[in-house]
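By written order: A, B, C and D. Residues from 1 in each chain.
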Amino acid sequence: MQIVKSPLIETTEVQENIFIQKVHSPEIAAEAKPGKFLNIRVSETIYPLLRRPFSVCDVDGEYIFLMYNVTGEGTGLLAHKMPGSFIDILGPLGNGFNIEGDYDTAVILAGGLGAAPFPFLTRKLDGKKNILSLIGGRNKKDVITYNLKNVLTASDDGSEGMKGNVVDLFKANLKELTIKRIKVFACGPTPMLRALKNVCIDNNINCEVSTECAMACGFGICQGCPIESCQNQDTYLLVCKDGPVFNVKDVLL
Amino acid sequence: MQIVKSPLIETTEVQENIFIQKVHSPEIAAEAKPGKFLNIRVSETIYPLLRRPFSVCDVDGEYIFLMYNVTGEGTGLLAHKMPGSFIDILGPLGNGFNIEGDYDTAVILAGGLGAAPFPFLTRKLDGKKNILSLIGGRNKKDVITYNLKNVLTASDDGSEGMKGNVVDLFKANLKELTIKRIKVFACGPTPMLRALKNVCIDNNINCEVSTECAMACGFGICQGCPIESCQNQDTYLLVCKDGPVFNVKDVLL
Amino acid sequence: MIAVDLTVNIGKLKLRNPVILASGTVGYGNEISEFADLSKLGAIVTKSLSLKPRKGNPPQRIVETPSGMLNAIGLANVGVEEFVKDKIPFLAQHDVPLICNIAASTVEEYVECTNILNGEDIIKAFEINVSCPNVKDGGLQFGNDIKSVGKVTEAVRAVTDKSLIIKLSPNVSYISEFARVVKDAGGDAVSAINTLVGTSFNIFTRRPKIHNVNGGLSGPAIKPVALAKVLEISRKVDIPIIGIGGIMNWKDVIEFMIVGASAVQIGTLNFIDPTSSVKIVNELEEYCTNNNFKKISDLTASYII
Amino acid sequence: MIAVDLTVNIGKLKLRNPVILASGTVGYGNEISEFADLSKLGAIVTKSLSLKPRKGNPPQRIVETPSGMLNAIGLANVGVEEFVKDKIPFLAQHDVPLICNIAASTVEEYVECTNILNGEDIIKAFEINVSCPNVKDGGLQFGNDIKSVGKVTEAVRAVTDKSLIIKLSPNVSYISEFARVVKDAGGDAVSAINTLVGTSFNIFTRRPKIHNVNGGLSGPAIKPVALAKVLEISRKVDIPIIGIGGIMNWKDVIEFMIVGASAVQIGTLNFIDPTSSVKIVNELEEYCTNNNFKKISDLTASYII
């Protein structure tokens, strides 16, 4: 965990309003793990005031990659940065996915920009485990399969892959999957994670989810990012510090 | 007076921390007069909040020119704008210099960035009147003679031209000047204008000064920019609307 | 596509839409009319008028702050008499409801100003600025003293049948108590909020940046505070509210209406984009159309808590 | 070049420099210590501690606003007992004066917390957070009721000889009246300011963005208000002031000292750059050297008005 100013190498719009930014940051690259995130200062002025959290999308040698869509002023400013300009990064933050353990097939499950952390996870799992990527979104534009392996897709409007959400897609493949020893890695909107949780509990499937919450600091000093724990009702867990990745059994979604 | 978004053509650093920006703005160019100013929004976000006032430095056909130094965040953001990006301009504002009248020599008197409005004035006077430009500053770096004619310089530390301030320079040339029928056009720090006022009153020289004041709106609705009138003590004049150019006899400096 | 009803009522005052230009940010309408078609707006509020003309404070009167600005104009204005003589004729040429904002230093003076202006048909409402020093009661602000606010409201109410709006100071602990007093004293509505007290110093000269030392903080920086004040009033007192504070776009207008505002006023934004008020009216209409709101007034106090 | 004296006194509390980390913005020091060498700082204030552990509010607890942020954490904390057991040992390893911030809902509870903590030598001062609902007097905030502030100060003063700092609420008309009561009741100093009450709504769901509806506004947006409050106290009451509100750099620290602060606290900035507090200490030293200030404390209340 450190603060570095790292030069932007290039920004690519891989599909409509989905940007991949390549940044030369040996310090962050060395510490990064799939599922960890970065808290990025998008402006040199005091506006916007707070940093913006982004998953580590991928790491390649000394280079790190971000994936995001422009949803507001912060991401807008980030997308307009010129190659060569420096990006103020606080991180890597959070715990990340636990890729160890005795399973042979990793099922990656993502909705919309929930796909962001998985290129890095795929890179780490590749060769060690079988990978099946179930990727969903509202429509074709919303389904992001960038640098993923062995992909099945779904979209609410049926414009891409199966018609339905990604949890439906998961259910549709459940039978053949549960023959294998699988572990699920999921990221996406909370309603999706909630639906997924039920499926995993019912079929007692090992599943880790990457959660989201409004954040200020990103490393545990503001108490801004609580999430309800299943073990202990007397206190909240912190998404930024205890998470953002949790075993689906441990948190109330 | 209108609001336009005009494309930036180029930014040139004519001397250390003195920037000239060329903007393609037929609308502003058509209405501009020497001594008028523009109120420019330096950011598309709400920070910095207020527009920044800048003199019309020059006009050439459909192109307008700004001259400024980076003194804070607003001018910093402006200086970093990329060619092709649009500049949000409210103007032209204020009254401008009155170049008519029966005088044959225009004496331009500027301190530091007070030089900004004079390339345009010089362009308008050229051929019609004789021009003598007396330009001063704290030191060599501060003396700006960009696109001026028939220039004499002075600097407080003597690193450029006569040692002393520009009003001393004016006094040094007073004798030979007062033989001619002159009109003085001045712009610079208030202390300089105050000193100049005394000289002009004593020698009853016709003199117009361009004044400065913190501004919000720039066109008379906020009452933020008062200046004491010599004619009427019961009310203030407004720098943005009644000025920024005043006959030195009319305002208390 | 059915037409959207943008009209709103503030007590007995009916406006064609909820967008009003705030006092002190558009003078007497002349300059702003070159950018904004006044006949498209809900109403315009004059700069605070006092019994006698006021010169106002010496420079520096304004300074920028993070996402805001401080001002200490010192209520510079032409005074009620000259206003009637020189300013009303111009405003009369425009089809826009005129709200006169009055500032004074005694209850009697508020009444006197109202009497002088009350005869003018073009004036549709009075907005009483209580953020003024009360010379009789030791110079502390009327607006921070609940009794004074009651007295002023009652006294002005007694001399006019026009809509009476009291513009509340935010520099109090519980603004709803002031709104209740206004209601009980016969006021038709409250405006919330006026500026927050603030200051700014030059660290090299160690002097205040504005001559008056303290100034009024306005702009987006104060929007969260303004919204909380409007919500507090709306939840505690049954009186129409005009929401003010940091509005920069149509979304902010909707936000103010949701927390309880019947209409809104736009202030500092006029300095940055004098055309925005009219743009916002059009954008509000689009928003209502796209979300099938037949009447924008249905948004008022539509918060879900 | 002579060495600059950065030490400041807050009543009987002597600090090596005026830069203090604000309550609720550095937890109990653990995480921030990975970025900032605590031994370089003037002091650290704990998150508000209550008698019993508090879970705090459900999400969403924070939202960004123009040049500021709203928070409603709900005083989530481990409680005084666990603080003594689990947190003090870590803080004891660092050479930094510890100020314990206490939150409670009755006068008795404030006293009880103080009694439990008072024995710990490492605790150099108490900062009393009066921005808490007073359950006995109808849930309105202690901090907005001058009598309650007096009572709390007196009661806590009676049970401790450590420095007693009362952290004042800015949501009042005349904060100096509260500072005077603190002084008269035996308080050693006041901290000003805590957050301003604000809110923010989602215009599509029409629901508050933070679960608690209202939150506390902090960050540069409130700096002008904080400076005015500090100046008001400094001009009216002879009591040491710790300036707080929107400090983003060393210049802001100087500005707070000029208007009357003996020391300052840094809050929201820790979230954006947790290394900044130590940087600021070094920059303050440079500033003093370059301007030939032998003692930084000479800056306190050095305003020229």
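Going forward, a residue touches a chain if its C-beta (ideal position, glycine included) is under 8 Å from a C-beta of that chain, and two chains touch if they have at least 3 such contacts.
For clarity, every value in this text was computed on a predicted model and none was experimentally measured.
Farthest chain from subunit B, judged by C-alpha centroids: A. Chain pairs B-D and A-D differ in how many C-beta pairs they share in contact, with the greater number at A-D. Between subunit C and subunit D, the centres computed from C-alpha atoms are 34 Å apart.
Inter-chain centre distance (subunit A to subunit B, centres taken as mean C-alpha positions): 54 Å.
Our note on geometry: subunit B versus subunit D, Cα centroid distance of 47 Å, whole angstroms. Centroid to centroid, with C-alpha atoms defining each point, subunit A and subunit D lie 36 Å apart. Within subunit B, residues 46-48 each touch two or more of the remaining chains. Contact of a single residue of subunit D with at least two other chains is seen at positions 66-68, 219-220. Arrangement of the chains shown, judged by which pairs touch: all-to-all, with no pair of chains left without contact. For subunit C in complex with subunit D, the residues that touch the partner chain are 65-68, 70, 140-141, 144, 171-174, 196-201, 203, 205-208, 213-215, 217, 219-225, 227-228, 231, 246, 251, 254-255, 258-259, 302-305. By the touch criterion given at the top, residues 24-27, 30-32, 34-35, 47, 53, 55-64, 66-69, 71, 73, 76, 219-220, 248, 268, 270-275 of subunit C touch subunit B in their complex.
Contact residues on subunit A toward subunit C in their complex (touch as defined above): 46-47.
By the touch criterion stated above, subunit B contacts subunit C in their complex at residues 1, 3, 41, 46-51, 90, 213-228, 234-236, 241.
Listed in rising order, the residues of subunit A touching subunit B in the complex are 45-48, 73, 77, 82.
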